[in-house]
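Same chain, two partners: chain A is paired with chain B first, then with chain C.
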Partner chain A sequence: MNQADIQQIVEKVMMELQTRISQQSEDKIDKDEKSFHYTAVDWLTHVPNPKFPEGIDELRKVTPARIGVWRTGTRPLTKTILKLQLDHAAAVDAVSGEVLDSLLKEFNLFTVETCYENKEVYLKRPDKGRVLTEEAVKTIQERCVKKPQVQIVVSDGLSASAIEANLRDIYPALLDSLEVNGLTQGTPFFVKGGRVACMDHIGEILQPEVLVLLIGERPGLVSANSMSAYMCYRPRKGTVESERTVISNIHSGGTHPVEAGAYIGTVLRKMIDQKASGVRLEL
Partner chain B sequence: MSRVDGQSIISVGIDIGTSTTKFIVSHLKYAKVSSHFSLPRYEIVERKIVYESPMYSTPLKEKRDEIDLKTLAGWLEEQYKKAGVNVSEVKSGAVIITGETATKKNAESILHYLAEKSGDFVVAIAGASLEALLAGKGSGAFLRSKEVKGTVANIDIGGGTANVALFRRGKVLGTITYHVGGRLIELDQNGEITFISSSIQPWLHSKNYQLQVKKKIGFREIQQIVQEMCKDMLNSLTGQKPIRLDDSLIHSTSFQVIPPIDEVMISGGIGQLLEKEAPKTIYDTAVYGDIGPLLAHEVVKAIENCSLKIIKATQTSRATVIGAGMQSTEISGATIHVTASRLPIRNLPIMVIELNDEQIKSGDYVYEQIEQAMIEWKQYFQGEQEIPFAIHIRGISYCSYAALKEVAKVLFSLYEKYFPRNPVLVVICENDIAKALGQLLVLQSKNKVDIISIDQVVVEQGDYIDIGETINQSMVPVVIKTLAFMKN
Partner chain C sequence: MKTTITLMGKTYQFKSLKEIMAKANEEKSGDQLAGIHAQDAQERIAARHVLSELTLADIRNNPLLPPEEDEVSRVIEEGVNEKIYASIRNWTVAELREYLLSPNVTNNEIAHIRRGLTSEMIAAVTKIMTNLDLIQAASKITVETRCNTTIGQKGRLAGRAQPNHPNDNLQGIKAAIFEALSYGVGDAVIGINPVIDTADSVKAILNMTKELIEKWNIPTQNCVLAHVTTQMRAIKQGGAADLLFQSLAGTELGNKAFGISVELLDEANELILKEGTAAGPNVWYFETGQGSELSADAHHGIDQLTLEARCYGLAKRYKPFIVNTVVGFIGPEYLYNSKQVIRAGLEDHFMGKLHGLPMGVDVCYTNHMKADQNDMENLAVLLAAAGVNFLIGVAMADDCMLNYQSLSFHDIATLRELLHMRPAPEFERWLEKMGIMENGRLTSIAGDPTLFL
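On to the complex of A and B.
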């Protein structure tokens, strides 16, 4: 084997290596982009060798707070920080997101808007989310049954993802609970940019006996998909907050949406029987 | 709806033991523990004794093989009067026949008779395992286990048996019962043996102790027997001697291996005798005509020899009756579905249907799983198909309404197919989904079958459940009778 041969072989090997390495890295990037998920397997951490493992488990079981996650020096682990940032990002997304039309179509909900204009105004001016636009009033008057026994309203509120995540479970459960409790509903619809007290304006327009509003809650670091069900007997202009009954924290890790839906019918039945809601209602 | 006295229900406990019968009345106070913004959730927040009967010698008929119901019922009636309670006001509680009395000819019929007559929702309880459990809850061992790190054992020693229950962090690990009791050997103050229980004979034989009725026995000799008895029990409890079902000292056990014990409480009649001085002569020993006082002090010595920590029980001779009266009742979740006219409903055996989230999500195997459970049940309860039972659905942690609807549909159609003559369908869920499942079943059944669907109750295959009338229109009291770890 002469010098040139060796040179050739080395060059060949080097080239081969280079292509392999570049292929590998391409493969890697490709794979990561397609399948990057930060899941419980990645972020779950534990205190190594705790003195009282059962005690830590018991405490962790009763709270969603980030306790017993261990530390590095005096600071949290990178995994914990990443999870916190992930949850924060999800919360931000929830506020700025919009409910998909396809979902609303699935439940035959038409859409009306409040005077919120846009998300920025919505966040700065809560009062605007309490009043429907003139157009909305007109649409509702045209399309809805007046003076229904139960009026169902869905609204994105502060979390569009709450509606996306829970409506499919809570809504049919709610309809069934109306049937079991012998209640009838009017024409349900969706309010974009709604605040809780938009119930009062709708109450003025349709004069239902009871109104239930399924609305996205202010997202937090525990869940960005949390929903509330606000209920009120004869909502109207001037309704005070203590006259509303609420079931909050409805999401997969909190109050089970199917059970909440099934329970709403019972609450509405009691409101109609007692002609009251909020603190005056005996549950 | 039950009449609710403020926010509490009246509960009674009746313990018909080998030597004494006890009765207590307690108030179980319940309160909403959920916030205004969540689904309602109630818990029993306080259990208070309002009346304790004196110890009453369990009345037996002449041959000692039958309980004298008439005398017993008369005494109970008197006790209700003294306590100032009407039977109709009693909304919960339990009657238990313990120790050797459970073997009396008419024990079972008496148990059910008294349970029916003692209040609206008083249940009958029997079995060494349940007895051990209730004693451990009544003595304070169960509560203690929630406060400390280790395993707490409660040894309840009565006339005929020693019932041991092990608790750890508020959970029951299991029970074991020994033929160790104060009245297994009876003698007079001259040292003459007057009675030897047949349940201790095999052990005496295995140890070569030749005891005979009407023969005299010396203090050293009886002390040695009792010491040996305690040593054997402790060797078994501390795992130095493996558990064998043919062990003549073991009555029944749920354990194959007993986990390490950290603390011990002693309750029962023997627990109470600990307050008295240790007997030094046969005359002192036989002050009650049995080996009780000697046994009490030898048990303590044996426990100390194993270097186990002894904790004073908060209740001793009344531990079981207090457990029965105060700790047997739990309340269900408050979002449930019940058909009020069907309550109370008693003694339902539990059928367990095991599903998992994956199956429910995909819908695969749900039908097969439920059908198989029902076929097995039918085979097991052949000829008794009219007996109502409760279906416990396990493994649903989170599911969509569509998936739950599918489960309800399958469950109801199979129930109708296999149990067409059962007028009630009782379902018990682990998690808070009973109302949703209940309404789905109601819509499925179209009022052909009454639906009872409750949740947040922990049951196992082999348990029995009693469900009482609704409280506050939202929840039901339940008594779960765990027979799962009975392996006689």
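On to the complex of A and C.
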């Protein structure tokens, strides 16, 4: 192959490349003319003349709060408002979700239900979410170890997506932390339509020394996937809120689920040692 | 006490004052949940007619929760001035309403008669008032309080900066405080709801905010809204707290669910007066909200509006700097939609003010309620017109820790401009010095959080 041949090949390749590039950019223009594409950066607005230009990013980096958004007069900019409305819409839609059976199977969690009936009744009648159905009581009695040291319960609560998002991280970490703290657990299960105080009913049925309930919190805008871990020493009918210890805000942007899982064992250990939970527990 | 009424030939028979009080309420999902609501719209109005004809003495003589059985009832009873009560005991509830709304009755007259009123009487009159009644009557009442600074003056609208962070990151909390200050918000308090309820963590947030306030000479006060026992431990370990915080319920049993009692609050009161960092004399921050007693199964069959009034009766004992009803936080089982939240917000503000309390409102909703940001903007305008002492402000209304929406810093700034209201005087002077505000309006540099870097 001589110099001229090489020259010819290079030119040909260059021509082809150029055609492809121009086709691509035509495609892009074509697409852009017909639709808008929003990714995270497209909602970013800017403070026009900040005192410390590099400071805005520094501040934004340390909090998920919507800061450095700027304004028109005293009102927020259009993109800021629309993003807020979009996130609210997502949270509203998330309330009606359900936890997939396949996820529960992964962790050998069988499912029982409270008396919640349906989502609307669940929202208006929290009392129904605190009591298990007769069938659920029977199932638990048949399948669970009685009087365990630690009883683990998982429930959808107000955000099924919180369980979907966090269970794979928190659950193994929780099991490890039980082992590290020399604790043994009974038979874990999933409660559909649960409220926090369903712990008390379960406490009556199984009489665990301590119970930990992993439950979906009501969704927020930054975190529609936030989970809480409620813990109680000898839960029973008549337990008051202040007797429960809680780690809230468990999600990838808050208390990380792995970290939370690892911490729960320590808390449970202290509950058993101090024979107390809630405000009387010294952490 | 008469408990039966015939309206246009139809007779309604009620068993007790408790039933009349419950059924006279505007529709609320919480009263329905408790099973004490009016069965239909006409029964509701019939109950309201009966209530309007009852005397203040009828209400006092038929306690919904006798003082022998409940310490909140005892606190309320002990607070009554018998001479003033004797002068108004034969007034009907309707007469009390018309007195409050009559043009000759001003802040001074109201300040006088409030000493003869119980929380139940205040609840009763609230039930027969329309939304605009509640706004007009409340707007007559001025309640000024002083911690490090004074708030509550007529024509002033303060804001709490609520810079919460999902894992209490101090830098993250600071960043949101800077944003709030740059919009002129933070004159009521810089108050953080912590995730971690331990003395060490609470102390760290207290001391960070205190240092920040001192560094920039901000005329305001700090507070970390942990359980009162945690705050007490933090203070004993050297935490610098201007204000002590606690959520209140309207019954002894409800307060037990919160892990508090009058005895504990008295003890905390002594501690903050002795070891708090503020000038005072007002050094408490209380929060309330309709439905918390029912949620703890501690309601004794009493309706949620009346129980809310009783929270204010208890709050009065401690002469708080600020009281805040977190009106839409509790959820749809107590206040189902925006109509109910708006009504409750106006009721709570009015009832608190009639008690003589420095009322603020967290105008808010959760994502499982039938409400949105527009509804909050509406309620905020109504409350500002009613003369609310302060409103909660969150960055773009979105609390990234508590998972609900309130008002934004922008909203508080907008209300001030729209209704010609100013921040608290000392704070406004500071904003002027910082170049953030001029003649009551935000300047071109307002909204830049890097001003504080």
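The rule is simple: the second predicted complex is superposed on the first by the 229 of 283 C-alpha atoms of A that agree within 3 Å, B and C clash if a C-alpha of one lies under 4 Å from a C-alpha of the other, contacts with A are read in each partner's own complex, and residues count from 1 in each chain.
Going forward, contacts are C-beta pairs under 8 Å (C-beta built on N, C-alpha and C of every residue); 3 or more make two chains touch, one makes a residue touch a chain.
Just so it is clear, the structure is predicted and the values come from calculations on it, not from any experiment.
A.B. asks: Thinking of the overlay built on chain A, is A:P172 touched by chain B (first), by chain C (second), by both, or by neither?
C.D. replies: first
A.B. asks: Looking at A:K105 after the superposition, I want to know if it touches chain B, chain C, both of them or none. Which is it: first, second, both, neither?
C.D. replies: A:K105 sits against neither chain B nor chain C.
A.B. asks: For A:R143 in the superposed arrangement: first (chain B), second (chain C), both or neither?
C.D. replies: A:R143: touches no partner chain.
A.B. asks: Applying the touch criterion given at the start, work out whether A:K275 contacts chain B, chain C, both or neither, answering first, second, both or neither.
C.D. replies: A:K275: touches no partner chain.
A.B. asks: In the overlaid three-chain picture, which partner chain does A:F52 touch, first (chain B) or second (chain C), both, or neither?
C.D. replies: It touches chain B and chain C both.
A.B. asks: Just chain B (first), just chain C (second), both, or neither: which does A:L283 touch?
C.D. replies: Both partners, chain B and chain C.
A.B. asks: Just to be sure I read the superposition right, which of the two partners does A:V258 touch: chain B = first, chain C = second, or both, or neither?
C.D. replies: Only chain B; A:V258 stays clear of chain C.
A.B. asks: Per the overlay, which chain contacts more chain A residues, chain B or chain C?
C.D. replies: The partner with more contacted residues on chain A is C.
A.B. asks: Mind working out whether A:P219 is in touch with chain B, chain C, both or neither, as first, second, both or neither?
C.D. replies: The answer is second: A:P219 touches chain C but not chain B.
A.B. asks: Looking at the overlay, what does A:I67 touch: chain B (first), chain C (second), both, or neither?
C.D. replies: The second partner, chain C, only.
A.B. asks: In the superposed arrangement, what residues of chain A touch both chain B and chain C?
C.D. replies: Shared contact residues on chain A: 52, 55, 58, 248-249, 255, 283.
A.B. asks: Which residues, counting only chain C, touch chain A once they are in their complex?
C.D. replies: 29, 32-33, 163-167, 169, 171-176, 178-179, 195, 198, 227, 229, 256-259, 295-296, 331-333, 336, 366-368, 372-373, 394-405, 408, 410, 413-414, 417, 442, 445-451, 453
A.B. asks: How about chain A: which of its residues touch chain B in the complex?
C.D. replies: 52, 54-55, 58, 168-170, 172-173, 176-177, 179-180, 228, 246-249, 252, 255-263, 265-266, 283
A.B. asks: In the complex of these two chains, what residues of chain B are touching chain A?
C.D. replies: Listed in rising order, the residues of chain B that touch chain A are 36-40, 149, 168-169, 335, 398-402, 404-405, 431-436, 438-440, 442-443, 474.
A.B. asks: In their complex, what parts of chain A are in touch with chain C?
C.D. replies: 47, 49-53, 55-56, 58-60, 62-71, 73-76, 80, 84-85, 87-88, 91-92, 94-95, 123-127, 158, 217-224, 226, 240-242, 248-249, 251, 253-255, 278-279, 283
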